[in-house]
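Can you read through this structure? Questions will come right after.
Naming follows writing order (A, B, C and D), and every chain is counted from residue 1.
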């Protein structure tokens, strides 16, 4: 890996105006790096802005402020034809491949279209390139003459991948590529993606809310909540000991397919607020059990986490006021968080019973 | 209200706490000409949570609608006996069923705001449920009770939500309103049809934890359809696996996860286990062994399943014979 | 609420301007010089110049338009070239008769459409329900394919020429020459005779209105019927009705849910139909010599009576705009989603 | 874990093949009948005037003369009254003759050449114009700046045209540009443009937000290619499906205009103009002059409506809006 990251995202903000005077901050002051051949897992719930971030990076949506440098070039300064040319180096794959295909095109046209747009090839050359791409995506040539609706879901996603890699891109935004697939199929697709990455040194931004899929492919993890990046770091470190209360709540909310074990769960309260006209401060403040007064005052500080042990890397960041006090003593911080975790629904039950007797009395 | 029909509760039944007993339920889709449900059976005790697991199209929704007797017009019931607290539901008129629904058993439908009447407030829809069963009570009285129900369901600012229209609610909030509608008249049996699908994980955990606690507190039974092994493992007492309209395995939850017998169940579980093992999922996390000794055990010794099709592999654990 | 209504009413003004402009423009495009038409063949050169000046036709286009708007706002639509009468007076006499006809027609369509449509939607999928639904579909296709004027003629042949049980298709009050027609406050013969207490004539007028109204009902009821059947079915099968039934909401309330939700598309469709009938009535009026707005229009077009054409275009457009305004207001009161336009304000 | 509970908006192209059509025909008798009627009408439009037993546009001398070749006189001794010209349907004049001594059958089967041509031509012109304007207006809508405002003005203008009752505008336009087959085509094309415009604009607004449009941009398609190669083919579906119904509507409008003397004038054979003679004759019981053209017209419009509905049903659920 070179020192200069392949993709350098700095202070990116994207606001949508909805209705009169209502602002939806989809992406708020996000900075991230993506290195060659690396996968960044981007997770978050609805309204977190993860998909918007992916689209802004590809300039499918124009950001308000911030910079995106790709191979040292300021992407946001490009316009018209140079930008269109640049698209051969960056691609996107969607959750539902069918939605990404023009419904009137056959697989052959779908895969060859980017080649036609970016390269001047003879018929035979084009045919040859298409076959190469097919093989890379592990697809049977018989699908070429099919309509995408006629082939299996997994094959559709492979066609989408084939189209994305046709022009030899440097990075691909994968927007929940396994979201609609059964578990076994999803493992197959992730296998293809990993192989491609090894062979072609392609970098991925893997957007998903399926934490197990993210974990299977990513090198680093970035967790977003209501437009803000709350925590980013090496994947195993974050999974093992998340430092942000939201990360902890999100990871512990995943239900285990095992009736014998249960989870200490950091309990959030209330709903995910509407992302419109958010108050200043930490977006988690209204739901966070560890909330303090300063949390609603302004943007939370960026805290560098020095992980313990071998995997401790300086590239681990978290944004939280109370955490910043415990920066030097993470164990103390984990203990604080654990105090607010529970496994049983006893307390809930007690609260309900209390509400009932209070009502009757 | 409850009348003992000797026919419906066979002598020698050990299920003293049994609230629902379904046997040989077969539903036929007239237009598609296929069996949506093929000889389904179940037994649910008071306070029990039965998880019906299956893929989309397996017929698990139809099973719930069959039990509550709200079938599509294209679907006809070929056979089946449904006994609720010993009462034969098949012998009831439509009017009687309308009375029973909501008061004795109710269904939680999925879909959030799309399952709420768009032109009326959330509160008035809960009042509608209450008024349908208590027509004599005053409007004010019913409204107060509706707000109280919202509070119990765990909805913050119930007064405000009461006046909100569905389109003003978030998905999680709308889903809680649907739960509130189903629980408004405190029915003893709830039928939940994948009602957390589409909710974000942290919201799903919040809703399910609270809802589950409420069920336990009220000793209410629940039949829950799901395709999520996590939900099944975390919240259900008993599991029924359904495939192509047939129940292929029926077992207490610990037994099921420890010892799945049918090849289809094994397939379901192995995919999840493989994923978990392969990804070394969460070894470092603070997962704890659950104290299963505190669990209530629901072991149905007398499931109304045809013995020529099912084998008993353990107490309360039935497996359908496989064709090949 | 006041804000919505104000906004909606404010929108009327530019609409009316554009409509008046189009009506004006259209007449400007008419072939032939209106001055020559007015003066007829026995004209003098000076007469032509004088008349051109008097009508302001020597002024620039937009000045003429300004004059036109000014006159129109004051209720001056000019005089008819054929009858030399002020257009506004003639419209005042004829429009009520047409409105009466299409209102009765619409009421018939709505009553039949909603009634039958509702029954069809909730009918069982077997037996008489299938039969009813199939006949409705067939009838819908058939009625939509038949010209209303032809259906009117068939009714005339059956009920007047053959059976002789309904009066001849010669106006609102058959057997009266136009100059003897009752001159009442409404300009609708049936109502005027009733107001005067002449029940004999009122009976004739009533019998004369049967065929035209039935014609409209036969041809246009399927429009309302179809939308009623479709939306009622949709709402009945909707997740929220299923959901309400699954928690035991009683039938009365379910019916209310269905009605309130199916209401909007039905209201919209009926409103569009109402606006359409004003144009469609032209033909039915011709068949029955109704003497309303429609026939007036036809005569004016055939005679290139430009002031009348302009006037009737305005009346027709204003009528449509008002109907659409009413639809919007009903929507506003029935559908809370319009009232709260903010996104995610929970 | 799942993300979307609700089916996403999706365009799917139904596939038509000969065997599928044949299987459909056996299942859908109504559609088969409709296609049959339409085929007959198209055939008549091609050869109607040629195979007609009598000249559809010239007076039948023989109806004016008796067997001896003498003029037939009425009681006033006048040979040319309308009532004498009228002959009830017979073996010679299958649908009878009208008051101008023209053969109703010959005219009825010759009329498709007028009515069907008007319907097809005006629908195609309206569809073409409406699609292109609708595509541009829909694609530019809400984009801000000048294009967005222009699109908005265009849309408002189309709305206002539609505020006038169609038949009244048609009458007024005919008054402006005159009558005749070609003029009726122009008028109807003008009236249909806003109809198709609305459909295409509405679809374009939906289609342009679909993921695949973004995907086409992401692989580097230039804007014009996105509009015409990717959006247009997917946003004309509803409009095209409506085409059949609009054609039926065109026939009704043509007939209506001619019925009040503002469309195609006699002696050109046209159904609406033929029905007109019934205004007087129906009262005196001579039904045949308007009943036969009315039935033929009705059958044509009926077949177009049935065909349109079948196409619509085929598209339903797979169509963009899934209605």
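Following the convention adopted for this analysis, a contact is a pair of C-beta atoms (placed from the backbone, for glycine too) under 8 Å apart; a residue touches a chain by one contact, two chains touch by 3 or more.
Quick caveat, the model's predicted, so the values are computed rather than measured.
Undergrad: Looking at A-D and C-D, which pair shares more C-beta contacts?
TA: Ranking A-D and C-D by C-beta contacts puts C-D first.
Undergrad: Need the most distant chain from chain C, centre defined as the mean of C-alpha atoms.
TA: Following the centroid criterion, the farthest chain would be A.
Undergrad: Return the distance between the CA-based centres of chain A and chain D, expressed in whole Å.
TA: About 53 Å, centre to centre.
Undergrad: Can you work out the whole-Å distance between the CA centroids of chain B and chain D?
TA: About 54 Å, centre to centre.
Undergrad: Please report how many Å separate the Cα centroid of chain C from that of chain D, as a whole number.
TA: The computed centroid separation for chain C versus chain D comes out at 22 Å.
Undergrad: Multi-chain contacts only, two chains or more: what residues does chain D have there?
TA: Residues 1-3 of chain D each touch two or more of the other chains.
Undergrad: Note the residues in chain C that touch 2 or more other chains, in rising order.
TA: In chain C, the residues touching two or more other chains are 344-346.
Undergrad: Going by the touch rule set out above, which residues of chain A reach two or more other chains?
TA: 209, 274
Undergrad: Would you pull the chain A residues touching chain B in the complex into a rising list?
TA: Per the stated touch rule, the residues are 45-46, 182-184, 187, 209, 212, 215-216, 239-241, 249-265, 267-272, 274, 338, 341, 343, 345-346, 348-349, 352-353, 355-356, 359.
Undergrad: Once bound in the complex, which stretches of chain C touch chain D?
TA: Result: residues 15, 18-19, 22, 26, 29-31, 138, 141-142, 144-147, 149-150, 153-154, 156-157, 160-162, 168-169, 275-276, 278-280, 282-283, 286-287, 297-298, 301-302, 304, 309, 312-313, 316-317, 320-321, 324 of chain C touch chain D.
Undergrad: Once bound in the complex, which stretches of chain A touch chain D?
TA: Contact set of chain A toward chain D: 55, 58, 60, 84-85, 87-88, 91-92, 94-96, 98-104, 113-114, 117-118, 147, 149, 163, 167, 176, 179-180, 209-210.
Undergrad: How about chain B: which of its residues touch chain A in the complex?
TA: 148, 151-152, 156, 170-173, 200-206, 209-210, 212-214, 216-217, 228-234, 253-254, 257, 269, 271-276, 278-279, 281-282, 284-290, 292
Undergrad: Which of the residues in chain B end up touching chain C in this complex?
TA: Interface residues on chain B, with respect to chain C: 30, 65, 68, 70, 73-74, 98-103, 106-107, 109, 111, 114-121, 125, 128-129, 131-133, 135, 164-165, 167-170, 173, 178, 181-182, 184-185, 191.
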